[in-house]
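Both complexes shown next keep chain A, but they swap its partner, so chain B is in the first and chain C is in the second.
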Partner chain A sequence: MVKTADAVIIGGGISGAAIAYELLKRGMKDVVVIEKDYIAAGATGRCGAGIRQQWGTEMNCIFSKYSCEAFERAEEELQYEGDIEFHQGGYLMLISTESEMEQMKKNVKLQNSLGIESKLLNLEESKEIVPFLNTEGLLGCAFHQKDGHLNPFHTNQAYANAAKRLGGHIYLYTTVTGIDVENGKIKGVQTDKGYISTKIVVNAAGGYSMQIADMAGVKLPLYSERHQILVTEPVEPILEPMVMSFSLNLYCQQVPHGSFIMGQTGKNEPQDLRITSSWDFLDDMTSTITKVLPPLKNLRLLRQWAGLYNMSPDKQPIYSAVKEVEGFYVAAGYSGHGFMFGPATGTVMAELILGLEPTLPWKQLNIERFEKGELIIEPSVV
Partner chain B sequence: MRIENHPVLDFGERKAVKFTFDGKELGGYENEPIAAALHAAGMRDISHSLVKHRPRGLYCAIGNCSSCMMVVNGESNVRICLEPLKEGMTVETQKGRGEIL
Partner chain C sequence: MSGDSIVCRCSDLDINEIRGYIDQGYTTVEEIKRLARLGMGPCQGRNCIPIVMRELSIATGKPISEIAAAVSRPPAKAIKLGEIVRAFEEETGGAK
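Take a look at the complex of A and B:
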């Protein structure tokens, strides 16, 4: 293990790997990533892995458009030898209520103004995209063809490999046990495999970001919530887009391999870092999805699992320095969309740490916004 | 091939049934796994691998490995090592990953 580093990033998920890559790309030399488990072991590898540009705030539209375009060229830019399985079959967002329709109309207008070619579809047009969609109780759908989904393991690995190629060090199965702060400045990171002197620490620990911040004496206004997900047996491809509904609180996609992956936000999910599975989820998820997409009743389940949403008060990430501790940076609190924002996270944090001009509107995502009450409320989240 | 006399197991009285496999009529015993009847009829290539399409035989025979999936009475992905044989069943080789529409 190296003894000194220009920056130590805690967390080897999509965020940590993308931050490492973007820092190295911009010329930083000794960049270290510490991962307590393996690449994509946390929320990255557990997520639904969709990317949508159909958001309700300008900022989120810009971040997701940036990330989508990065995913489109990721294999080439990152020189990945594998396939990140980016499938741009669109996001079909189901609209069930008048208020949802009003919101979607506003969203589509905003998205179109930012170069995102989303559109509203009537039920007939929706069925052209998913012929077996049960339109009962639906008023229409919003759709954007360039949205889609990709393989989170491969994507994360692609960033990690690219970071290594640029000279980065990634230490797997290594746990951070302490963060050394002296006179309000970062001095180093203690791990179970050794000590690394550094002036910069980036907290990209996802669901565990509060625990990491605690080690530096910083309180983050975040909590982690369990979210569950399941996968079915693979069958021949029949579902092109990611299907998503806010009122039914679900998303469902068919991966290129043929399996369906779907998730739903439970009512009483624990907020104590548990990632166990529950029977209720299976019951709720399967009964809801088979109403929306009836042929899925013919599928057998393979397994279910859970991961952590790292929730912030306004459901937006924190991309920020911390005023109490010089050199401590936070990239956390994605509230369920950290994977799709991965490329943006890398760019934002590199610009923030290196003091570069922002190419993305990240300044408003500082940690002080919560004290000041300058929350950025996104109307369209699951 | 069938073991008719086994030193320990007693198969008892069994009812002969007919079924079709890829359109061809075959016989077997009621409630034995479909795979047993096909094996008795000399069938060894149960399915084909998805990428290279190489033949796969009966492998785990206890419902775990997904190597023996066929279309039974129109339903894809039926594990024939477990599924009991019934009179008049339609059993077909499955191409690819199976259809649910």
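Take a look at the complex of A and C:
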């Protein structure tokens, strides 16, 4: 293990790997990533891995468009030998209430003004995209062809490999046990494999970001919450887009390999770090999805698992320096969209740490916004 | 075991592919599972994972007792989504 570093990033998920890559790309030399398990062991490898640009705030539209375009060229830019399986079959967002229709109309108008070519579809047009969609109770759909989904393991690995190729050090199966702060400044990171002197620490620990911040004496206004998900046996391709509904509480996609992956937000989830599986989820998820996409009742469930959403008060990430501890940076609190924002996270944090001109509107995502009451409310999240 | 011997029938992986991942530096079943879809099929890894554990034991020199298997995830046996819905409706009369 190296003894000194220009920056130590805690967390080897999509965020940590992308931040390392973007710092190295911009000329930082000794960049270290510490990961307590393996690449994509946490929320990245557990997520639905959907990529959408259909958002309700200008900032999120810009971040997600930037990220989607980065994913489109990722295999080439990152020189990855594997396949990140980017399938741009679109996102079909189901609309089932008048208020949802009003919101979607506003969203589509905003998205179109920012170069995102989303559109509203009537039920007939929706059925052209998903012929077996049960449209009972639906008013229409919003659709954007360039949305889709990725393989999160390979995408994360692609960023990690690219960071290593640029000289980055990635230490797997290594646990951070302490963060050394002296006179309000970062001095180093203690791990179970050795000590690294550094002036910069980046907290990209996802669901565990509060525990990492505690080690530096910093309180984050975040909490973690279990979200469950399941996968079926693989079958012939029949579903092109990701199907999603806010009011029905579901997302469902068919991965290129043929399996269906689906999830929803649980009721009364405790705010802790559990990632166990429950029968309640199976009952709710299967009842919901077989009403919307009836043929799925014939598919066999293979596995269920869970991961952590790291929730912030306004359901937007924190990309920020911390004023009490010089050299401590936070990239956390994605509230369920950390994977799809991965490339933006890398760019934002590299610009923030290196003091570069922002190419993305990240300044409003600082940690002080919660004290000041300057919350950014995104109307369209699950 | 010859190079084209099938290790994972569900995901159609032969021993050469598994050894290729080990040669790239992956040292655990969990990593190879995620990258190669090892053990992600209907058998839930019952056939392939012990074979891969043995390969990792040979490659790393660690006894097989120190090689971790992949996490077991429910259900134990594949079941149709419609069966879960039917059982749920029978139990609750369809009410939530």
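Quick notes on this one:
The criterion applied here is as follows: the second predicted complex is superposed on the first by the 382 of 382 C-alpha atoms of A that agree within 3 Å, B and C clash if a C-alpha of one lies under 4 Å from a C-alpha of the other, contacts with A are read in each partner's own complex, and residues count from 1 in each chain.
What we mean here is this: a residue touches a chain if its C-beta (ideal position, glycine included) is under 8 Å from a C-beta of that chain, and two chains touch if they have at least 3 such contacts.
Because the structure is a prediction, the values reported are computed rather than measured.
After overlaying the two complexes on the shared chain, residue contacts for A:Leu299 are found with chain B and with chain C alike.
By the touch criterion defined above, A:Thr286 reaches chain C but does not reach chain B.
In the superposed model, A:Gly258 lies in contact with chain B only, and not with chain C. Contacts of A:Phe132 after superposition on the shared chain: chain B is touched, whereas chain C is not. Look at A:Glu233: by the touch rule set out above, it reaches both chain B and chain C. Counting the residues of chain A touched by each of chain B and chain C gives the higher count for C. Contacts of A:Thr175 after superposition: neither chain B nor chain C is touched. When the shared chain is aligned, no partner comes close enough to touch A:Gln103: not chain B, not chain C.
In the superposition on chain A, A:His154 makes contact with chain C only, not with chain B. Shared interface residues of chain A, touching chain B in one complex and chain C in the other, are 233-234, 296, 298-300. Interface residues of chain A facing chain C in the complex, by the touch rule stated above, are 37-41, 45, 82, 153-154, 157, 231-234, 257, 277, 282-284, 286-287, 289-290, 296-305. The touching residues of chain C, when paired with chain A in their complex, are 28, 30-31, 34-35, 37, 40-42, 44, 73-75, 78-82, 84-85, 88-89, 96.
On chain A, the positions that touch chain B within their shared complex are 132, 233-236, 238, 258, 295-296, 298-300. Residue ranges on chain B touching chain A, taken from their complex, read 66, 75-77, 96-101.
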